[in-house]
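Next up, some structures in C-alpha cells.
Both complexes below contain chain A, partnered by chain B and then by chain C.
On to the complex of A and B.
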C-alpha cells in the first residue's frame, strides 16, 4: 500500500490541484489504482477493498520472485519492517518499494514465523489487505505462501510431508503436538515446512501410524470443536479445503491433517479463544442474562436487522433505574458503582478515561476488600472483580482497552505469591495498577506525543476527527514547540465530541477549522496529515474507533493524505475483525432522532416505537488497515501490519507475565 | 454505600399549633392515621437504609418519638434517637450529633417529608458528580385541587414565603442560586462570577426544596465548625455552599490530597495531573472545571459542585410544614398518592376499618378513611376526610375535607368542613365548623358556628 502512495509527493501542497481532476498516477497503467474505479460495488466499512490481483501486482511480483532465496532471509527483512523501520526513518514514507516486496516480506514474515504466530498469519491474510492481498496474488505470481502451497501440492507428495521435520522449528512443533499442546497452526506449519525436510522418515512413519490410530477419535472431536471461536474456525476452514485430495490418497495423512487442525485440547483452546460473545438475538440467552442483571435493561423494540445480535436497551430508563437502586446494591463497591454511573450517564467517555476510571475504582475496591472467612484471597478477589466487571458491562459494554486492563489485573491477582499476607497482596496490586496506568497510559501517551510531533511541520494542515486524548496532546505539544500549523476538526452528530476538542484548542490559541463530516471531501483538499485516535487496533491492523473514523481515513486515502493513527499499545487486541457488524456497540437511538436546540426538526418525536422505523446509532466502526499509513504507538511508529508483532512480543512477555 | 442517614424530626413547630403538642410532636402528627415520620422511615427502609439517626428537638418529644419508633420498628430498623435542645436549628442539630457521623456522605432527611422519590437516586446523583451537596427538588405543590381551593385555601394563599427561587445551570444538574421566602420579595441578586462561569442561569420558581440533602460529611462538618452562627441547613449552609462554589475555601478534599502528595516526586505529580486531565478531558467539562482552569491555564482555582436532583413529575413529594400542607397531604395520601399510605383501598376507593360501625343511610365517599373502632350514627356523610380511631359520631353529621383524629366525640347534626380536629375533642350538637383547627381536648359548645378560627385550650 505504501507504493501506491509513495510516488506522489503528498507533503508538498503545491503539487495538489483543487477541483475535479484525474490524478496523473491514476492514468498510468503500470501502477495499481489506489481506489479502483469500479468501487461502487464496495461498501466502505464492511467489505475489504477488492484485491489487486491485477497484472500490475504481478508485474512487480514476478521479477522479484527469484531474488527471494529462502524464508530465512525474508523473515529477517520482515522483522526489520515490523521492528519499526518506519518509525526510525525521518521520512514519512520509506523509499518506494514495489508492492510485491513490501507485502511479500510482511506475509512471509507472518508465515515463516514461529508456530503460534502462524495463526495470526493465516487469519490475517484472508481479509485481503496488506499481506493478504499479496498472498492471494502470489499463486499466480510464481511463489506461494506456505498455506497456499499445501493446497496445490498433490496429496501423494504430502504423505511424508506432515511428518518430516528436521529443523528445530519442526521438531518443536511435533513435540508440542505430542504433548497434546500443539495447535492447528503448528500442524499446518509442519505441513508447510515438510516440503523442504523430507529426510527423517522413520520417526515420521511411526508417527503417521500413531495418528492413523487416533484418526477416528480426532474426527469425532473435530465436529465438536468446530463450533468454537471465530478465529479458530477461520483457520480450520482452509484445512478443510485441503482435505479432499488427501483423503483420496492416504487416509493417514488426512487424519493427521485433520488431527493437527482440530485436536488441540479443550483446555488450550479455551485459553486462546475468547468466549463467544453473547448474541442478543438469541432470546433464551438474553432472558437468562436479564435475570442475572443488576441493572434493569429493557430491550429496545425496533432494532436494525443487521445489528440484532448486539445489545440495545432503552437508554432513557437505565440511569434512573440504576440510580434508584443505589442503596440496594450492596455487593458493588461504591467506587465501582460510581464509575458505572459515570459510564452510563456519559460523564466519562473515551477509552483511556474509562479505563483509568475503572482501574482507579478497582484500586479503591481492593483497598477496602476484606477476605471473607474460609475463602482464599486470590480466588475470592478474582470473583469479586469479575462481578464488578459484569456490573460495569451492564452499565456500558467494555471497550477493548478496558478488557486488556482487566486481563492484566486478573493475571496479577492470579500470580500473587501465596506467601504474601493480605495487606501485602493489596499493596502489591495497588502498585501494579498504579504502574499500569502510569506506564501503559500516561507514559505511552508521552511517547506517542514525542513520536508524532516529529511528523508535524510548519505549514501543515492537520485534520482530526472527533475527540482523542492522544491527538489533543500531540496538537498541544506541537503548538508549544512553536510549530506553525492549522487544525481542521471534523465532527459528527450526535455526540459532537469534536466541539470539546475545539474549545480547548481555540482556548490555547491554535488556529482551527471546525466542520461536520458531510463536508469532509471538500476540506480534504487542503489537508496534509490526518491524525486519528483509536479505541483499539486489532491484530489484522484494523483500527477500531469511533464511528466515522473509517470514512475519514478512506477519504484521506483517496486524496493521498497520510493517515496516522495514535493508539497506545495497551489497546491493541489479539482479535481479528473484518467488519464493524459482528462486534460493535449500539448507542441510544433517541439521540440521533433528536436534534438539540432544533425543536423545529424533531419530526421523529415519539416515533421510536413505530413498527416500520428502525434507528441505528452505531458507536464504533472498523477501518481496514489499507487506509492507515502508520500507527503511532508507544513502541514507535509502525505500519498496521506490525500490530500483531507488538501484540505478541510485548503483551505476552511484559504485560501479562 | 458509605452513606449515613440523619432524620431531622424537629420538635414542636409553632407553625403547626394547635395541632402539635409535647405529647404529639411534629413527627408523630398522624397522616392518614399514621405518624408522619413513619412515611420517611418506610421510604428509608424501602431504600435499604436501616441504620438511622433520628434527631428530635426537646427531651420530651424525643422520648415520645423514640418510644413510638421502638414500638413500631423494633426489629426492622436500627434507629438511634438523639435529643437536642430546642431552637438549635437544623444546623445545630447536625452539630450536636457530629461525633456520630463517620461515613463519607450524609443524607439529611426532614422528618416531615412525605414522598416516594427513590432516595437512592439522590445519593447516586451526589456520588456521580462527586458533589459537596445535592439537594432534592420537587415541583412545588399547586395550592390544592380546585375543590379545596374554594373551601380551605382562601385565607392561606396570602401567606408569603412558600416560594423558592432556584437557579439551575442549563443541564439542570447544578445549583447556581437559591433564595427563599423573604429574600424573594425584595429583589433577586445573582452572583456575577457564577453567571459568567455557567453562561446561563435558569431561574425557577416552580420548584420546592424538599429538604432532603446529601452532604459530603467532611465539608459539612467543616462549614458547621467554622461558621458558628449558621442556624439552618436550608437558609444558611446550603446558600453558603452555593455561593462559594467557585471560590471554595480550602473545602475540597483536593487540598488535602495535594498536601499528601507533596512528599512524592515531581514526576508522580505531573503524572497525576495528566491523569486527571485525561479523565476530565474525556467529556464536556462542567463549568466548574472550566472555571477551575483560569485562562492562562496555570493556577487552579478551587471549586466544588452543588448538585440538584429534580424529582420526576410522577413522584409525590410534600412537606408537612404548615396546617395547609397538613390537610393537603392527608387528602393526597388517601387520594391521588394512596400508594404511600400502605393501606389497601376498597372498591369504593376508601378504607373503612372492619371494626368501624356505620349507622343506617350513612355514606362514606371515595378518598375517605375510617379508623378502627369508630362509630357513626345514621344519615351521616363523609367525603374526602380522614377519621381516626375510636371516634363517636352522632347522627346527621357531615364531614367534608376534614381530618378528625382519635377519640373525638361529635354530636348530632354537626357539620365539619375543611377543618382539623385533634384528639379528644368534643363537639356538641349542631356545631358548625368551617376551616377551623381545634386543639386537643377542646370542647366546642353546642350550636356554635366557627369559620376560619383556631380553637384551642388556653
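On to the complex of A and C.
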C-alpha cells in the first residue's frame, strides 16, 4: 500500500483541489497529531490535519462492517496514528486504517461510514451533494469539515450515496457528483472507503470485499492520478449499489445544474475501474441497493486519460439487460423506460428528437402519477421526475436541450398554484409540456426555416454536415419553393448519419453530393454556404454540436465561406466552454474498431487487451464563435455574440415558457 | 445605353449633395419654393393636408407629408418619414387601437414602397412602429389616452432622430485629438456635423477627403469643410491606400447598420475599411440609431441592389458592362466603433439593441 500511496502523494496536475486543504496532508505520512477533534467542533472552514478528520469520521461513522485493515483508509499518517486516533471509535470503524489509505483518507472521510464506497475522495468532495444524501449515512457535515481536503471535494454527493447502502459505491453517482476533489482526496478516499463500511453488509463480508478491492486497487493504482474516480475497484462495486440512490440525487442535481457543477475540473467521477470484471462480483450488493440503478453498466477498459472525467461504459450488455427488465421495473414509468431504451440503442438520436421523446414520456408519467398519501404533489412529483431523469442519464447522458427542458418542467411544477387539485395540476402540466414542444421546437423550426431560406439563392452550393433536423427542413423547404441549388453532404464515421439525410433529400429530388469528412478541404472551394445544426449554443457564442462540426466550420472559414448555424432558442445555454474536453460525451469505443461491412478490417480486434492502446469515441465538439457567421434561431438571425443577450432577455421572461 | 434604374434614394442624395447639375438646380428651385414651412414638428400645414382624407387615404397624405419634410436638405429622409408617421397618428380618426395600428402599418408600407432600396427608410419605419406600439399604454382602457401616449412616443422618437446628429457629434469629440488626420468617404451629414463641432471647439485637425466617384460627393464635402477653415485634401479613390499611412482614423457615415454590426454605405467604404484594418487604423462609423436594420447580409451580393449610373465622361461601347451598384457592405470585423445617439457602441451591440426592441 505504501507504494501505492506514493504516487498519490504527488498531486496530479490534472486534479484540482477546490476548497480547503490541509497542506501537509499528503506529504507527511508520519505526522502525528494526536489532538483528536470531535467532529462537531470542526466547522467547515477549519482545516484540521488529516488525523482529525479521521477522528471525525469515526465520530460520525456509523458502525461499519469491519473493513479489512488495509481497507480502512483512514490511515492518517500511518497506521499507527490511525490506530490511535481511531481507537476510541473502533466500533465505528472496525477496519483500522489501512496503510494504503494515505493521509488524505482522513480528509476523505467526509463521507464517513460508507466505508467501502467511500466515495473515494470524490465523494467526499462534494459537500453540497453530500448534504442531500447524507441523510443515509453519517452526518456528512462532520466529515466535510475535517477533511480540509474533503471540503473542497465536491463529491460529497457521492458520499451520501455510498452511505446509503452497502459499500457498493455508486461510482456512477460519484462520477456525476464528483466535483473533482483533488486527486489526493480521491486517493484518500479509496483509503477511507475501506474504512467506511456499510452497515448493511456484515463486517466479514465487507472485509472480504475490501481485501479483494484493495488488491484490485493496488493493481490499478499504477496509473495513479485520478484515483478517486476509481474508488478502487472494490469501492466501485459497492458504489454501484449505492449508485441508484446516489444517482437519483445526483441526477436531480445534475439535471438542474448539469452543465457546470456536474463536472468540476477534476472529475474523477468516472469510475476508474482497472478490472472491470470486478464489478460483477457485487451483484448481490447491487440488488440490495435501495433504488438500484436500473441500468447496470460496466466500466470500460482502456480509458483515455484525458477523458477520465467523463462517464464511459461498455455498452455491450446494457440493452438486453434492460429489455429483460422491462416488466419488472416499478420505480421507473414504462414510458420513461422505453425512452431510455431508445436512447441506449440509438433509435432516437438528435437533440430535438430526444427532447421530444423525453417530454412525451414525462407527459405519460405525469398522467399516470398519483400522489402518495402523505406527500405533497409538487415535491413528490419533482422527486419522481428527478428519478426518471437519473434513469435517463444512466442510459445516456443528457444533452443540453434536454437539460433545459427539464428545468422548464421543474419550474412549471414548482409554480403550480396550490389551490389546484391533483387532476387539474396534471392537466395543466400536460398542456404546458404540449405548449413547450409546440412553441419551442415545432414552431421554432418553422420560423428558422422561414429565415434561413432567404439566404439560399439560385445557383448556390450548400454544404451540410451530419444529420440535423433543422437543416433538413430548410433544404426541403427551399427546394419546394423552387430554388435551384445543390447540396453537398459531409459525413463521418462511426455513425454515418449523413446517409440518412442523403436518402431523404434524394427522395425529394434534390441533387446531392456525398462525401466523407476527409475530403472536406478538397470540396470546400465549390461551396457557397455552409448550413450546420447544433446541439446547443453556449453563452460565448461557441456552438456545441456533433463531433466534426468544428472542422467543417474551420475549413469553411478559411475558405471564406459563410457558416450558418441553425438552432432553436431553447437550446441556448448559459454555460461557457472553451474546449471540447471539459465536458463531452464518450461513446462506445467498439464501433471505432470495427467497420461495418468490412470484416477484413480487423486490425483492432482485441484492442482492449493492449495496455497502451485507448480508443476514443467523442460525441460532441465545440466550435469557436469566430468561425460562425450567423446563427438562425426562432428569434431571427443573430450574430453569435448575441446569444447571451437572448438568454438574458428571455430568461427573465422565462425563456422556456 | 439605356439608363439603368436609379434608386430614388440616390436620386435624392444626388440632388442634395451631389455635384451641381441641372437637375439639382431644378430641384433646388422647387424645394426653395416650399421650404417656407418651418421645420419644427406639427406645423400648421399638417392639419390642413391631413384633415379629412388622412384616415381614408392615408397613403396619399403620408407621402405628401413625407415629401414635404424631405425637401429640406438638412433633414434625413428617415427622419422625414418618422415625422410623417407621427403626423399620421396625430391626425388619425381611428377610434380603436387596432384601427390605428392598421393605419400606421399601411402608411408605413406606402412609405417604404416609395423607395424600396433605401435601408434607413425601411429601418426607420420599422423601428418607429416597434417603438411606438411597444408601450403599456396600449393596454389602457381609454383609447384617447392611449393615442396621446402614442403621439408622445412618436414625437419623442422624432425628436431623438432629429437631434441624433448633435448627440453623435458630441460623443465623437473625444476621439478627435489635436493634430490628427481624418479620412472621410462620401458625404455624410452626420460626419459633417461631427467635424463641424470639432472645428468649433477649436481642434486642430486635417481631413483627407476621397473623391467619391461616381457621385463626386467628396467635392461637395470638401467645399463645406473649406468653409469651416479646416485644412482639406482631396484624394482620388484609388489613392486611399497610398495615403493611409498618414491617416490617424477613418470616419464614415452609414446608409444602414445591419444586424451583424456591419454597415451598408456608399461604394468604396468596404475597400477603405479593409485597407485601414490591414494598417491598423481605426474605422469609426457615425450612424443614427434609426438606421439599425433587420438585415443580415452574408456577402456583397446579399443586398438588395441599388443602382446608380456611372458617368465616365466618354461614351462606352454598348457591349461593355458597367458595375453600377451604389453601395457595399462592410462586415463588422473591419469596424472599430459605432457612434450612435445611443452611445459609443461596438458592432456587436447592434444586434443586442435590435433584440431588445424587437423581442
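The rule is short, and it goes like this: the second predicted complex is superposed on the first by the 362 of 657 C-alpha atoms of A that agree within 3 Å, B and C clash if a C-alpha of one lies under 4 Å from a C-alpha of the other, contacts with A are read in each partner's own complex, and residues count from 1 in each chain.
Here is the rule we go by: contacts are C-beta pairs under 8 Å (C-beta built on N, C-alpha and C of every residue); 3 or more make two chains touch, one makes a residue touch a chain.
As the structure is a computational prediction, the values presented were derived from the model and not from experiment.
*Asks:* In the superposition on chain A, see if there is space for chain B and chain C together, and answer fit or clash.
*Replies:* Chain B and chain C fit side by side in the superposed model.
*Asks:* State whether A:638 touches chain B only (first), chain C only (second), both chains, or neither.
*Replies:* A:638 sits against chain C, while chain B stays out of touch.
*Asks:* Where does A:567 make contact in the superposed view: on chain B (first), on chain C (second), on both, or on neither?
*Replies:* neither
*Asks:* Looking at the overlay, what does A:646 touch: chain B (first), chain C (second), both, or neither?
*Replies:* Once the two structures are laid over each other on A, A:646 reaches chain C alone.
*Asks:* Have a look at where A:347 lands relative to chain B and chain C in the superposition and call it first, second, both or neither.
*Replies:* first
*Asks:* Classify the contacts of A:630 with the two partner chains as first (chain B alone), second (chain C alone), both, or neither.
*Replies:* second
*Asks:* Have a look and say if chain B or chain C is in touch with more residues of chain A.
*Replies:* Answer, by number of touched residues of chain A: B.
*Asks:* Quick one: is A:529 in contact with chain B, with chain C, with both, or with neither? Answer first, second, both or neither.
*Replies:* It touches chain C, and chain B stays clear.
*Asks:* For the superposed arrangement, tell me the lowest C-alpha distance between chain B and chain C in Å.
*Replies:* So the smallest C-alpha gap separating chain B from chain C comes to 24 Å.
*Asks:* Could you list which residues of chain A make contact with chain B in one structure and with chain C in the other?
*Replies:* On chain A, no residue contacts both chain B in one structure and chain C in the other.
*Asks:* Which positions of chain A touch chain C when the two form their complex?
*Replies:* The contact residues of chain A facing chain C are 455, 457, 529, 562, 564, 629-630, 635-639, 641-642, 645-646, 649-650.
*Asks:* Could you please specify the touching residues of chain C with respect to chain A in the complex?
*Replies:* Going through chain C, the ones touching chain A are 259-261, 294, 296, 298-299, 301-302, 332, 348, 351-352, 355-356, 358-359.
*Asks:* In the complex of these two chains, what residues of chain A are touching chain B?
*Replies:* So the residues of chain A touching chain B come out as 320, 322-330, 334, 337-338, 341-342, 345-350, 352-354, 356-357, 437-438, 441-442, 445, 467, 469, 472, 499-500, 504, 507-508.
*Asks:* Can you tell me which positions in chain B touch chain A when the two form their complex?
*Replies:* 1-3, 47-49, 104, 118-121, 123-125, 127-130, 271, 274-275, 278-279, 281-285, 295, 297, 312
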